[in-house]
Structure formats: C-alpha cells, structure tokens
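Naming follows writing order (A, B and C), and every chain is counted from residue 1.
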Amino acid sequence: MARSEINLKELLLRARDITVHFHTLDGTLQVLNRAGLDLFQGEVVGIVGETGSGKSVMAKLILGILPIPPGKVVSGQILFREKDLLRMPPRDRQSFKEKVAYIPQDPTTSLNPVFPVGTFLVDAIIWKQCRQSLFRYLASRRFGPARRQASRLAAGLLDKVHIPDPESMLRRYPLQLSGGMRQRVLLAAALIGKPELLVADEPTTALDVTIQKRILQLIQEKVREEKLSSLYITHDLGVARSLCDRIYVMYAGTVMESGPAGAMLEKPLHPYTLGLIQSIPKLTGERFDGIPGQVPDYLYLPRGCRFNPRCHLKMEKCTLEEPRMTEVEPDRWVSCHRVQKNP
Amino acid sequence: MKEAALLKRKEGLARSWVRFRKNPLSMAGLTFLALITLAAILAPWIAPYPQDASLGVHFDKALSPPSREHLFGTDEAGRDILSRLLFGARISLMLAVIVLGISFSIGVPLGIIAGYYGGAVDEIIMRVTDVFSSIPALVMAMAVCVLLRPSLENSMIAIALVWWRSFCRLAYGETLSLKQEDFVTVSRSLGSSSPYIMFREILPNMTSSLLVKLTLDAGYAILVGTSISYLGAGASPPTPEWGIMVAEGRHSLPGSWWASLFPGLAIFLTVLSFNLLGDGLRDFFDVKVE
Amino acid sequence: MTEPLLKTQDLCKFFFSRAWKLPSLKPRIITVRAVDKCSVELKQGDILAVVGESGSGKTTLGQSIARIINPTGGRVWFNGREITGVEGPDLKALRREIQMVFQDPGSSLNPRHRIDDIIALPLKIHQDLSRGERRERVKELLHLVQLPAELMPRYPHALSGGQKQRVGIARALALNPKLVILDEPTSALDVSVQAKILHLLKELQNRLGLTYLLITHNLSIVKNFSDKIMVMYLGRIVEMASTERLFANPLHPYTRALLSATPVITEEERKHIPAEITLEGEIPSPVNVPRTCAFYSRCQEKKPSCGETNNPELEEVESGHWVRCPFALV
C-alpha cells in the first residue's frame, strides 16, 4: 500500500525542514539541515546514520530533551497530530510527553543501581498516575493502596516483556541483571501509561547478537500488541532492515534518502546509502569497500551537497547547490542532483 | 578539509582559556591572586614603610586610624599595617608553596605506589595515611609545632607533615581507576617497567585533579598557617605574618578595629581567591561542561 | 608439513575468588572458568577468527596467548619452542613476536602522550636505536598504516576513531611481530571506516607475512576476512572449521543460532543463514559453569541425555571440522 493512499489522519508525526544550530566556542555547528520525517500510526520508522549524522539530535528534539541553548532551532516544525511541538504551550507539551515513551541506549547507566527494579517501576507508574499533583505523588509513593496496585501493574508489565518470575524480579537490583534483562525492564517501563509513540535510541547496541535478536523480536511484538508507533534510531542497517517498515538515512545532519526498508536496502538510490551498504562485509562474500574521505566537521561543511567530497557521482552542481528531497519513485525520496524522477 | 577545521577550533590550552575567561568569579579570583603575588614580589619597593615590616617601632604613632599617611592605620607598635600586610603576603604565599611542595612530593608518589601495587604495599601505605588522617589538620599541626618549638619554619614543616595524606588519597584513587585503562595494559604488554607505567603513563593523566587540589588547598593551607600563628605556635613577633597581626590586634578591639580587620580581610580575600580559582580550574578541566 | 606458528594444548585460564556465607567461617571458592581447555593451532600466514559473545572467553584467550594475563594451565608452543610459563628475558623476547591490537582506540592510546611517543614506546623498550633512528622508524610505520607524518606531534584527541586505530596498528607492528592478535579491531568504529581498516589489515598481512588471531563477534567480518573459525561458548570451543565449511555447514546448535541472529541487509544474504532460531534465556554466567554441555540451557535441539552426561568432547566429524555435540549431523 503506497503511502500516498493513506489519508493524513493517520499521520502521527511530521517533521518538516528542521534546521538546528549549536553555538559553541569554536563557532556555530549546523547539526541539522532541513531534516524531516513522517511517522504514520502503527509504523516502525528507522533513522539510520553513522556517528555524527545528527540522528540522536533529531530524536532528542522530538522528545524535547535537546539542550537549548546551546542548541537553537532555526527553522522547521514538528507536527504531532497537527500541533507543532516546537511552539507548544507547556501544558500541551506535558500531555505530549505522556504519550511518548523512550528507551535509551545503554541499559547499564540508565537504571539507578541503588534502587531495586520494583521501586523504579512503581515510582514511574505512580508518577504517571499523579501527573498533575506533586502532593498526590508524595502521598502515595510509599504506602497505601496506590502503591500496592502499582506493584501489581509493575509485575504485569514485567510479564509482558517475558521476564520469568516477575514478583521476585521486582526485588532485584539492576546490577544483578544481565544487559538483556535490563533492557527488558526499560522496555517495560516504556510501556507504562499506554504510550502512543516509542522512541528507541539504539537500545540493542550494547547487547550480544543473540540477545539483540530476542529484544528486537520483543520490541516488534509489543509494537504490534500495544498498537504503538515507533521511531528507532540505529547505525546498524541489518537491524533497521529486520525491524523497520521505513528508513531515513541521515548524513551530516541531512536526510539523504528515505523509503521502505526492504526496497531501499535492496536497491539504494542515493550514493551515500549505496556506499554505506557497500562498506559492510556481507555473508554473501561479495566485495566490500569503505567510502573514501571522512565525515565532515560541522564547523567546516562543504558547499552544496554535504556528501559531495566523498561522492563518486559528483557533478559540478553538487558543489554549488544543495539538493532538495524529491520523490523520485513512489514513496522513495532522495536528496541528490543525480537521481531524478523518472519522467 | 579536516586540517582547516582543526585550525579553526582553538586547541587545548587556548580553548580552555576562553572558557575560563567566561566565568567572572574565577577571573576575579585569578586577578586578585595575580595582584597579591605581584604585591608580594614587589613588597620591598612598593611598601610605604618597609622598615615597619621588621624592627621599626614608633610608639608615638601607635594605633592611629587609617589616614593618608597610613592607608590601613598603624598597629600597637605604631607600624604601618599596609606595609606589614604586603610583607605578610610574601610569608603566606611562600608557606603555601613550601607546604604544598613538600606534601605533594611525599603524598603523590606514595599514593601512586599504593594504588598500583595493591596488596601489602597498598595496605601499609594507606593505613599509615589513615592514621595521619584521623587527626584534624590544625590540631596535629599545632601539636607538632609545640613539640618542635614554635616558629614559622616549624609550622610549615608541621603542616606539610599533615597535608601529604590528602594528596596520597587523591593519587591513590586516581591510580586505582587509571590502572584499569587499556593504555596501561598495552604498556605492560609491551614490557614497560612498573616505574615507567606509574610515573609516565598514569601520573600525567591525573594532573588536572592534582592541579585543582593544589589550588584549593593553597587557600586552606594559608588558613591553617595563619591560624597556627594566631594561636601563638607559629611565627613570632615582630614577623609581619597575617595571623599574628590578627592576634596582636585582638587586644585593641573593638576600638582600633583596623589592626585586626585588615589582616583578617587579607586572609579572607586570599583564601577566597584560591577557592574561586580552584573552582574555575575544575570547570576548565571538565570537558563535559562544554 | 611445516610446524604451526602457534599451538596451544588444553589452555586454561581460571579466575578464583572467595565468598563467605555466614555463619560458616570457611569460604567457598568461586571459579570462573574463562577459558577451559582450548587447543588451537595456527600456521604461518593463517587468519584464525575466534568468535563468541560475552562470557565466551575469546578475549581472555587472546590475552592469555599474548601473555597480558598468565594462563592457569595448559601448554603453549610458539615457532616450535615451548613458551609455557616463560618469564624474564625470554618473556621480553616473546613480546617482540606476539603483539595485540586493542578494541577501543580511544582508551588504548594514552591521551597525554604524543603520537610519535606512543608508536615509539615498543622501540624504546626493546631496541637500541638513536633518537633519529627511532623517528625514522616511526615515520615508516605511519606510512605503512597510511597516516601522514604530520600527525607525529599531535595528541590522540585530535585524531578520528579510524586514525587512532591505525596508530594502534602501527604500534603493534613496530617490532615486526610474527603473530598479531586483533581484539575486535573494528567494533568501536563507524561502518564506513571499518572497511578501510579491514582492508589495511589484509594488505599488511600480505606485505609483512603476518599471522592473525582475530577476536570478534561479527560473523560478516569473519566470513570475508578469516581462513579458519573457532566458535566459543562459556570458555569452551564448540565448533572449529575452515570458514568455508563452517558457513556452508554449521553443525553446532549455538553456531547456527549465532548465524541466525546476525542482522542481514539484503535478501541475498539471508539465504546464507539458517532459518529463524531465537535463543531464549540469558547467556549464563561463566561462574560455576555446569559440568554438562555448556549450551544445554539454551539449546533448541537438546535431547534429554544432554542434561545428564558430562560435557561432550570435541570430535572431528569431517576433515578439519570439529564439533562439540554428539548429535551434530554432518
């Protein structure tokens, strides 16, 4: 089903023309350059890029946790159900935050080692329930029926992520758990309060590959069950392929290409995507090469297309003018002067 | 292109200096300390009444309030307080340098050795350190001073004997974490000797915390030094040491307030400046603050 | 037939600690069998990949061979001579022959040392060169790893990840070692840089006649880089074969699960891995490894007898292909 057939009512998140600058001692870093993405209900959208591509900045901006200053949103809008996140009044922001869940990258540092897993979950549950009232939170935090009920809910959540013996797990400390277990706990925490949007920032990077597979399956399962939409950030194309419906490939703060995962990885259109795929050693044993050159320093960006110094298809136009994202095939968007729409 | 970008980025020291400059409090601390140091060095030439710093006595002018001739007034022996303060700066700063120099030289190597070797060596050194740590600095320094015969030099020795323990602790802690780093493993696998690893691989990586500590401690050491002299166990009259000046002026309080106030203010401002500078340095080294 | 360059027999590395459980005053000894009886053979010019996840013991194995840590048991031969337990000047001589490249280029270079000092360190310790001669050698090594000599006076923080890793490689090659142990040399690097480093390593191997022991968890790299593969699980070798054979016919259930879990990018690739095998459960801790088959708790193909009999032996089921599973069908 091509995207153009879906009516806009199902569009959950739309980011358009996001340009973010970071003011540092050395100068202004243009970390995001007219980036944009769409997220439809029920989809898993992957943001794929190497280090420094701007994918985390994008995610943090959507979550509202990007430090501003030194960051500054120069232009763009992020529409969540047609309300602009960047210009929302605080109260609306609050209600948005309740609908979003976040799974961080490193499970080890994301759980406070001093508290048992149960305390962490119960606390989060109660806080979500008492969202407007600090007093109510303080009152119900330690004792009372609210706490008992929250404990039961917590055990239920742990069960949902297939943790064996949830009751005893509540009493255990994060350091007693393996990486995979911790990530499941974080996933359980993300499911509190029935979120609509799940933002996952490379949650399996630190895990072993067999554990990663299990966690990816778990995420897929929960996204389906809980009818979530998910934004999944990763640098691993293989993971993106297995998990995501659509992918956005970012380089130097710009979205270079986007499209359905399978189609894009089988037949990439942008030279960077092609180069990236070619850089990865494959089980087919075919030749793999790196991409010549280096990721540009944000302080000294090339003129025109940010990828041009490293591109084997470079034309003169590429060094002068930045290309715009165009839909060259149904649902395949590319930011490249070379790749044009088929007439 | 990377080279051009590298040129644009201020490197290392220059970069840190720019950051440091932005903090008004640290700059204030640095400025004041620079002034004091300058004043201390130039004391014999800029003090209005240099002879008052040692033997000059003018009982006719005793305890005169601040005036044009004597900007900070005179003390009970008629000596110009400003001049004495300037010479006193020399003493205090010198005390800081000597004390910290000695305790650093004792404490840091011991701490590194204890941290690196572990086992019995660690236990022995750290338990000795614990013993020295169990007594408050001032009390211990006082005790040593009294034992050795109170004098300025002995007070410096006493404080140094007490101060090395915290350098030892700091170096010990840093060594424990640094010795786990890969580059230490690499060095060992290449066959480096232990002293090389301790002092050429590990030590250079703790210079920032040591520097911060030195700066903050300088202030505190001066405080302890002046306290000892105030209590009579350190410098003795007519030395223009700030601590004794406060003690001497105490008798004339509150009428001749200037005799105690100005030395006290000098101590306060100097210690504060070291603290501000130390805080600034800590931020200066903390790359994450950026 | 030529002597293997490296040979180990029943190499073991155990870590011991004591735990007291009150009220008993007698401590219980906890043994972590990080490497449990590994026998390996490497011929000159080989690239052997040691593959496994956390707790497999692959890094410990590499470090034991490089004598960064000392093995607890077993015997090791290098270049025909037995080197088990060598100390002193013999150990120092050995260090010239066996070198290691570390995983994280950020932490394996001392941030307070300049690049030329970092690369010159092995030269200073082992060779009697004048300062000028050392400088020349450092320039030579930088050239070998395709780095400009301008980097010599700089500090590590000015270099990119790929450049830092090249410095690590240059340092490892300074003494012309015969065997280089590569501990996940590209895991900390971006994808576009990984390929270049791998190509560099391949080229260096050809040019200098090196032998590599590659430690990694990434099977895609292994397929394209190594001649032989050894799969480890909880300190034991569970399968060993030539790269071709292992991928064509993975026999051990763990090997198959590992392959199945490898993220693939294209459908073409997917054809090279076994169908969906997802392991349940966690990787058990190497503390107190069970005396039965180590993989029993997570094996999808286990038989009832697997939980009762002792750890099976490594059997050669076809020429050059060894498996530690009595039910592995060829």
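By definition in this document, a residue touches a chain if its C-beta (ideal position, glycine included) is under 8 Å from a C-beta of that chain, and two chains touch if they have at least 3 such contacts.
Worth saying up front: this structure is predicted, and the values here are computed from it rather than measured.
A.B. asks: Could you see whether B-C or A-C has the larger number of C-beta contact pairs?
C.D. replies: Output for the comparison: A-C.
A.B. asks: Name the chain whose C-alpha centroid is farthest from the C-alpha centroid of subunit C.
C.D. replies: Between subunit C and the rest, the longest centre separation is with B.
A.B. asks: Roughly how many whole angstrom separate the Cα centroids of subunit B and subunit C?
C.D. replies: Roughly 50 Å, centre to centre.
A.B. asks: Roughly how many whole angstrom separate the Cα centroids of subunit A and subunit C?
C.D. replies: 33
A.B. asks: Where in subunit B do residues touch two or more of the other chains?
C.D. replies: Only 2, 6 qualify.
A.B. asks: Using the touch definition from the top, which residues of subunit A touch two or more other chains?
C.D. replies: As it turns out, subunit A has residues touching two or more other chains at 294.
A.B. asks: Out of subunit C, which residues touch more than one other chain, so two or more?
C.D. replies: 160
A.B. asks: Along subunit B, where are the residues that touch subunit C in the complex?
C.D. replies: That would be residues 2, 6, 11-12, 181-183, 185-192, 201, 204-205, 207 of subunit B.
A.B. asks: If you look only at subunit A, which of its residues touch subunit C in the complex?
C.D. replies: 50-51, 178-181, 208-214, 217, 235-239, 241-242, 262, 265-266, 275-277, 279-285, 288-291, 294-295
A.B. asks: Which residues of subunit C touch subunit A in the complex?
C.D. replies: 53-54, 160-162, 190-196, 198-199, 217-221, 223-225, 247, 257-258, 260-269, 272-273, 278-280, 282-283
A.B. asks: Write out the stretch or stretches of subunit C touching subunit B in their complex.
C.D. replies: 66-68, 92, 95, 99-100, 102, 104, 107-113, 121-122, 125-126, 155, 158, 160, 171
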